[in-house]
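Structure, as structure tokens:
Residue numbering begins at 1 within each chain, and the chains themselves are lettered A, B, C and D in the order written.
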Amino acid sequence: MIQMTLIQIDNYGPWTVTPRPRNESDLQILQAELYADLERQFANKKGLVFFTRFDNLLAVTNGIDEEDHLRIQRSIRNRYPITISMGVGAAETPHEAQKLATIALQKEGGAQSSKRKEILAIDSLAPADEDNLVQAAHIDINSVTETLTDIESAFDTNFMVNKAQHYLMTKLIKKGALLFFIGGDNFMAPCNGLSEKDIEDILVEINDEIGIGLKAGIGIGRNMEDAAYMADLGLEEIREHDNGMWTWVIEKEY
Amino acid sequence: MIQMTLIQIDNYGPWTVTPRPRNESDLQILQAELYADLERQFANKKGLVFFTRFDNLLAVTNGIDEEDHLRIQRSIRNRYPITISMGVGAAETPHEAQKLATIALQKEGGAQSSKRKEILAIDSLAPADEDNLVQAAHIDINSVTETLTDIESAFDTNFMVNKAQHYLMTKLIKKGALLFFIGGDNFMAPCNGLSEKDIEDILVEINDEIGIGLKAGIGIGRNMEDAAYMADLGLEEIREHDNGMWTWVIEKEY
Amino acid sequence: MIQMTLIQIDNYGPWTVTPRPRNESDLQILQAELYADLERQFANKKGLVFFTRFDNLLAVTNGIDEEDHLRIQRSIRNRYPITISMGVGAAETPHEAQKLATIALQKEGGAQSSKRKEILAIDSLAPADEDNLVQAAHIDINSVTETLTDIESAFDTNFMVNKAQHYLMTKLIKKGALLFFIGGDNFMAPCNGLSEKDIEDILVEINDEIGIGLKAGIGIGRNMEDAAYMADLGLEEIREHDNGMWTWVIEKEY
Amino acid sequence: MIQMTLIQIDNYGPWTVTPRPRNESDLQILQAELYADLERQFANKKGLVFFTRFDNLLAVTNGIDEEDHLRIQRSIRNRYPITISMGVGAAETPHEAQKLATIALQKEGGAQSSKRKEILAIDSLAPADEDNLVQAAHIDINSVTETLTDIESAFDTNFMVNKAQHYLMTKLIKKGALLFFIGGDNFMAPCNGLSEKDIEDILVEINDEIGIGLKAGIGIGRNMEDAAYMADLGLEEIREHDNGMWTWVIEKEY
């Protein structure tokens, strides 16, 4: 079982234009700092937050309980001009888990309801034990510096990375997996339920369709931190083999 | 003329895995804080930075000169474990401007060259005066809360927003414009050289092709801050007219 | 037993002037952000850090173990241009605990030794259980807004607060307690081993000697967070009694 | 003429205990981040902020005008749960300048008035030109690492530094100068109107009275950034002469 948390800024849209539009730079700073802050707090408990849409963030949170979530909400209220609500769900696939988390929160009121504030809606929790593993793939583009960054314009490289992201999302979502951009040419895909072959097939398809070569380190562990780190080590293995394979799986031993 | 700056973390890829992969959460925090920091510094001079790929960031920087750029580089060196190089270019279209900025920087060495460090490569500058205006469109999705956030799962909404982004990027880039995601359902498109009709045509096409309704406030000013604020006011106008038009242009009077 | 951690930036003095003096504003930002960052990480484990000298920080860390400390060191290394070393000690009084922590770290090399880097020197640890309580007093100045802030100049008020701090430090240190300024007119004194009468005597003496009226909420708990919160509640009790007593003690029930 | 700004968090005391005391760690983080943020924004205009009491901060702001102050207030409102009011004054001595700034703000309402919010009260401004210079002394303790940090306990060293601070403040305030702790064993004293001899006399007196050896680099420039940097260079000169003199003055040439 993978556990996911949806974090949503309460009534954020209206706030950004009241009484008149706030400076875009201030909003960008606020969003980036809120993300960094949430990352720090969830990471302290071995979770990992993805920036997603910045006003709606998704996190893998195996092993993080109700009290931990409440503490984070309180801490945000004390330091930001906004508050956050959260939904939590656990399921066999990441897509199902975030769906349960979303439904639990939606039941408590709309994202722009001025009445809903600092809700914590827990559908279900998955403890961090040997029966509840997280699987995540760290995917990057082969030789992006040589083939893109150092020869194409910065925006064209960015466009290619976004294209890879869009194709990856489209294919992974069909199998119940998710895909988040984590900077550079890197993506992280929580992917419980997918086999190594499933992932390889997707990478091969994308290479055939749009000519972008990808590789995936796949990690398995009792929490997202461990899974992500195993995935990183998997990527390193592929690099040491001169990108000679599409995937490399490592499961953490406890 | 629009002036753009490419900001690139020096030799970042190798750093992230030396001597072994650094914790993903630490990298996410570092990247988000660096972005917030750069935003703060460029915004103080009325520029605007987009997070882009986080290790490569693009900014609209009309009115920001060599000394300002050097000061920002110095400030980053004093507070982060990494340094940044920058390229600057000015041109009639944003795409051409960032291309000149990229080429200027690429000439000084590769992004992963251990020899290149804290370069400031200026191809050309555009002063903030009446002859050098920035045009930017603030684009969002009509009624995203009602049609997506409050009824779809968080990731499915995110997927739709990413899809809109990918279609917008694909179409805008062909006309020399750029497109950046700025959170929620919002995009900012530096778009010097495009007419209101050009932008409307793109929004209509996307509505026809993927059924996502968009609108665009278009702002014009002597720097990015002013252009973005005018664009925000344009968006507000459309909202007040119940999304009855695709676009609304406002040029700042000085 | 109270457990204290000394956090020391490695070789910081020389770094601030190499190759020439770094901008004072950058150093101030770096120091404040490092402090906020450490606070966040130790607070997540129910400790509390005091800014002290900014390059040497003291924290009460009951219940925070070796692995926790190592994780924090790693996290700082990944996001700052400097690294930190730490010493940890546990004793019957706060003064003795920080002394053990200091000695443990001093044994590993000087603060400006270029060879000492990221040391964690543990003299002793105190677990967070019923036999290892933290006692802390939250002390503030009676009616500071009415008697100082709103009628004296800002610096003169600051001077009076600093004077109170100096007198409090001088008297508390003799009894094995510590005193940290925490902003406004507030001080926090880790004070295991002092009776309520000891603290009242000190406040009475200061009132007699320099005419500054103080009060102290005293809290007792299994970790610094709990002790500080009980102390806050104690202060609130005194306020509700119109500052009618010098001290109020609350021990947390588990 | 030196210009000083008093920055005051509006109605902060009551906020910290409403509806019940907020976690001390959250308040510490909030205060440190607000300080870092203000520092960044004033430093961008060549000013320098001192943390002072954290809820009341003093800054030297020569060359920073009304529009700059308003922009900073707006930016804080957009990103923090609190707002700030400011008073600004210019005079021949720093003490007089901050007094004018304080009075201007006090006239608008008390620090804990729930009605006063985001006031900018300007008594007077001093432009950054050749007739309006800032003089500042950067004072530190001779050989603090060898004589204190590496041999005394961390708190005892901190106590000695605080003692030096208290003596310096007491003597400087009588001559119209201010003194701020800036971390480590460092102090910054805005000191327009004092001669080099005045400062030397104070250092000699302190050495005689409490046996703490100090030195002072004294800088003069058109804004605080330049004055502080010249003071840093002065300190370096004294170090290169093996602390063979008490003071060293450098005036920036434009």
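Convention: a contact is a pair of C-beta atoms (placed from the backbone, for glycine too) under 8 Å apart; a residue touches a chain by one contact, two chains touch by 3 or more.
No experiment lies behind these values; they were computed from the predicted model shown.
Relative to chain C, the chain whose mean Cα position lies farthest away is B.
For the pairs A-C and A-B, the count of C-beta pairs in contact is higher at A-B. Each chain gets one centre point, the mean of its Cα atoms, and the points for chain A and chain C are 37 Å apart. Each chain gets a centre from the mean of its Cα atoms; for chain A and chain D, those two points are 43 Å apart. If each chain is reduced to the centroid of its CA atoms, chain A and chain B end up 22 Å from each other. Shown for chain B are the residues in touch with two or more other chains, namely 23, 26-27, 29, 33, 40.
Shown here, the protein chains touch in all possible pairs. For chain C in complex with chain D, the touching residues are 6, 8, 12-13, 17, 20-21, 23-29, 31-33, 35-36, 39-40, 42-43, 48-49, 51-56, 58, 95, 98-99, 101-103, 106, 110-112, 138, 145, 149-159, 161-163, 165-166, 169-170, 173, 178, 182-185, 188, 225, 228-229, 232-233, 235-236.
The part of chain A that touches chain D in the complex is made up of residues 22-23, 26-27, 29-30, 33, 74-75, 77-81. Against chain B, in their complex, chain D makes its touches with residues 40-41, 44-45.
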